[in-house]
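Below, chain A partners chain B and then partners chain C, in two separate complexes.
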Partner chain A sequence: MKAALTWAWLIALATLPLWLDNPYVLHVLIVAGIFIVAAMSLNLLLGYTGQLSLGHVAFFGIGAYASALASLGFSIHILPDFVLQSEAKPVWLGMLAGIAVAGACGWLIGRLAFKVRGAYFVIVSISFAEVVRLVALNWVELTQGPMALNNIPPLTLWLPGAGETTFWKKPANYWLVLATAALCYVLIRRLVRSRAGRAMVALRENEPLATSVGVDVTRTLVLTTVVSAAMAGAAGALYAHYVRIVDPDVFLFIYTVTMVIMVVTGGKGTLAGPVVGGLIFGLLPEGVRALDFKPEMQWIVYGVLMILVVYFLPQGIVPALEAWWRRR
Partner chain B sequence: MSAFLSVEALSVRFGGLLAIESLSFELREGEVLSLIGPNGAGKTTAFNAITGYLAPASGEIRFQGRRLNGLSTNRVAELGLVRTFQKTSVFGGRSALENILIGLHLRSKQSALAILLGLPSVVREEKELEAEARRILDFVGLGARADEAGAALAYGEQRLLEVAIALAAKPKLLMLDEPVSGMNPSETASFMTKLAEIRGLGITVLLVEHDMKMVMGVSDRIVCLSQGRIIANGTPAQIQRDSEVIRAYLGERYARAHG
Partner chain C sequence: MLGGTYALLGIGLTLIFGIMRVVNFTHGELYAFGAYMMYMLVMLTGIDFFAALVLAIVLGVMLGGAIEVTLLRRLRGADIDTTMLVMIGAWIALQNAEQLAWTGVAKSINSPFPAAPLVIGPVSVAWNRVFVFGVALALIAGTYALINHTRLGKAMRATFQDRDTAALMGIQIGSIHTATFALGSGLAAAAGALLGPVFVAYPSMGDLAAAKAFAIVILGGLGSIPGATAGGFILALAEELGAGYISSGYRDAMGFLLIIAILLFRPTGLFARKERIG
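And now, the complex of A and B:
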């Protein structure tokens, strides 16, 4: 029953560009989809291990910059007479680089999380994101600073039968985002239903008891942050090659807040939570705009709905629906 | 024969307070040893120091000849030393079955990569682990409660669940910190039977307990602590007659009733 529902959803979403010929709606869905991937990655940390990473956008932005720079090529002066130069690489390689660099940063933050937990981890993660933003803003030679990285190439893929395809059009990008989101969902599901996921939840629920039966705190937290950061990096890379311009504003705190809202309203620590929260709060601002209200209405509706959800469904929408389903 | 667990000249300090002062005792494989003594004597502190929750100020702890000092708690668990907690401690938001599955953490060997790839071996192992978890729940008599959340279980059941979680970690030495506190007499009696079965599995037991009926009934030897020092060490019969133990802990009335 539940599996059939998932497949129905997936088929409806996958065929959407075929029966809905509206580039604007597709654009909104693509951006929401990218944020849903980021929110799913945050959920792994916030929902399962209980660590609030308020600098999660850093991994997103690092993925975006790394992927963009790898596919554009760059040259920087490291020492007065030493220049590090990188030729432009194919976009798919750039995206892998974005995932890898973000994952490596996740490893670093994961090591730190072992030492600083709770409120301290929140502060460390915010600071990390802010430092990365300042680097992106000021290291002009590498990142062009506020001038932004322009003309980032879109993804080009060679597909058997179809030959070489460049993802200029919206449907191709839409399917790419959908496939990435589905893949991340499957990976997260495998992870949380395994010994690794049980270890994460055990740390969240009762750390002394978890360690007493052999759960390794450092390993578990490092694994979680690496996977989480790599997925956020993948979302960032998708963003860079879809929007095709990246500036230091990708590191803005508001994007982290958006991800947190998606996770918390949807239901943290549930698989479907970030997807449901992401669909609602990713599509809502555009939906309200379409109703021709005054511009400020958009954010008033957003805020009021958020408060209502948090107040009446503190566990999130998905756990509330599941409880309702069981009671019937 | 060398000792299974040996604690030598162990001292633990909290700031200026010497919680344990030069504590030494040995545990032989297969026996049940109880640590008794008044509140604040340092029994739980000794547990915490042995299992790596606290760093001892001095002294040495060896398990099967291996030095435990400086090892983290999860490493100590990997060596086969698993403890329960004085204050009931389960994963309250998870079902009883999931509690045991977490306890089986060390039994499962899948790497993160294998898990992410969804290899068939992972799926197979998950099935085996669940069957094993149900066996363990049945063993402690919680088989019918497998799907209840830990926090929804009755108090006595939570204490059993806690022991079951520890058993899942396949201990060679099981350290129980007041397992029957808060249980009623019939629950305590059935726990004593359970403990005999656990012993039958070849598990050595180190017990901290205030229920003297239980301590005297299950222990091979007893070590009595008071104010961080050992004041007596012997069989239950010897301890019951020991004048210092009677003065510091058991009390004259206990001695009259059982002497």
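And now, the complex of A and C:
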């Protein structure tokens, strides 16, 4: 029953561009999908290990920049007479580079930041995102600073049956995002149901106890951060090659907040939570826009909603629905 | 000059964290609120600059008290992540309310100080900066006196040390929390009201202020008032030196780099009492 429902959903989503020929709606869904991937990666850290990372957008942005730069090519002066030059690479290689660089940054931050917990960790993660944003803004030679990287090429892939395909159009990008989201979902599901996943939950629930039964705390946390950062980097890479322009504003704190709201509203520590939360908060702004609100008003609604969710649905929507389903 | 206001921001935040165990994300908005109140009072109603300063601080105290009573009171005893999420929500709502009320255009505020600087030997300083520094120092001294020499301060220190025991001794934890949050918010509003006329008031000014306040607090150790005072001055110095010797584009990054360095080598901050940070 449940599996059939999941498949029905998936088929409905996969065939959507065939029966819904509205580029605007598709665009909204693509952007929501990218954010859902990012929210899923945050959920791995926030929901399963219980570490609130408020610098998650840094990994998203690093993925976007790394992928864009690799596919555009760049040359920078590291020393006055030493120039590091990189030719433009194919986009799929750039995307992999984005994922790898974000993952590597995740490893570095994990090693540094998990010396501390709780409020300290939150503030370190914010600081990290802010430093990265300032670097993107000021290292003009590499990132073009506020002038932004533009003319980023879209993804070109050799697909069986279709040959060389370039992802110019919205339906193609929609399927790409959907496939990535599905892949991430499956990966996260396998991970959290594995031994490592049980170690994460054990850490979240009671760290001293988990340590005493032999869970390697730092290793588990760093592993989670690397996977989570790499997924956020993948979302960033998708974003860069879909929107085809990246500027330092991708590091704005408000995007982290959006991801956190998605995870918390949907239900942290549940597989479906970020997807539900992401759909709600990915589509809600468009719905609110139809009401002709000012953008400030939209953010005020966001803030108030966040407070209300914490008060009335502290576990999130998905666990609340599950409890309701069981009671029937 | 900046050091004094940074210290004000840091002390407010560290008080709230130390006593209430709340990571106050609305702190920067209170700072912006202080600056905007100065703008409203001085530029729109045209009352005296010094009276406006006092009024702006009082209004900041009242707003802080209101936030505590409406949002935080019912969450007492909730874990730190829960209150943090609520404060983030409040912060987003407040910041955008400010933008809605006063638009995104930066507002400048007239101040009554002469344009000619004060010259002492080889050093020349603008008068308004001297004033800001003096008032900031006076407020810091006032806060110390309040904490160390009054009944309310004693109750705050008791709550800081052990909330449950303090409650058993008959201290009204609820009103202590309200007073603390109001005091901390008042200090943030004071910093904003002081710096608003020196720079300009704009809606997102609170973000950077909050980020710096966090840096200061981490630098000094969460919950340590002397630490926050010293941290404020250290950060201001590091920023000036960083801007002068490295690159002015990275001025605002200095604080974050300092945090990262501190956490690597001395994770409890420079002045922290012994505390578990795990």
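Basically, the second predicted complex is superposed on the first by the 307 of 328 C-alpha atoms of A that agree within 3 Å, B and C clash if a C-alpha of one lies under 4 Å from a C-alpha of the other, contacts with A are read in each partner's own complex, and residues count from 1 in each chain.
Basically, a residue touches a chain if its C-beta (ideal position, glycine included) is under 8 Å from a C-beta of that chain, and two chains touch if they have at least 3 such contacts.
Here the structure is a predicted model, which is why all the values come from computation and not from measurement.
Of the two partner chains placed around the shared chain by superposition, chain C is the only one that A:299 touches, whereas chain B remains out of contact.
In the superposed model, A:112 makes contact with chain C only, not with chain B. Contacts of A:137 after superposition on the shared chain: chain C is touched, whereas chain B is not.
In the superposition on chain A, A:257 makes contact with chain C only, not with chain B.
Looking at the shared chain after the overlay, A:229 reaches neither chain B nor chain C. Contacts of A:314 after superposition: chain C is touched, whereas chain B is not reached. Taking chain A as the reference chain, the count of touched residues is higher for C when chain B and chain C are set side by side. Using the contact criterion defined above for the overlaid structures, shared-chain residue A:215 touches chain B, although it does not reach chain C. Overlap of the chain B and chain C interfaces on chain A comprises no residues. In the complex of the two chains, the chain A residues touching chain C come out as 50, 52, 112-113, 115-120, 122-124, 126-128, 130-131, 134-135, 137-138, 207, 253-254, 257, 260, 264, 294, 296-297, 299-300, 302-307, 310-311, 314. Touching chain A in their complex are the following residues of chain C: 17, 23, 71, 74, 80-82, 84-86, 88-97, 99-100, 207, 211, 214-215, 218, 222, 247, 249-250, 252-253, 255-257, 259-260, 263-264, 267, 277-278.
Contacts from chain A toward chain B in the complex involve residues 186-187, 190-191, 193-196, 198-199, 201-202, 205-206, 208-217, 223, 227.
Every residue of chain B that touches chain A in the complex is listed here, in rising order: 51, 53, 72-74, 77-78, 82-85, 89-94, 98, 101-106, 108, 110, 112, 115-116, 118, 122, 126, 129, 165-166, 168-169.
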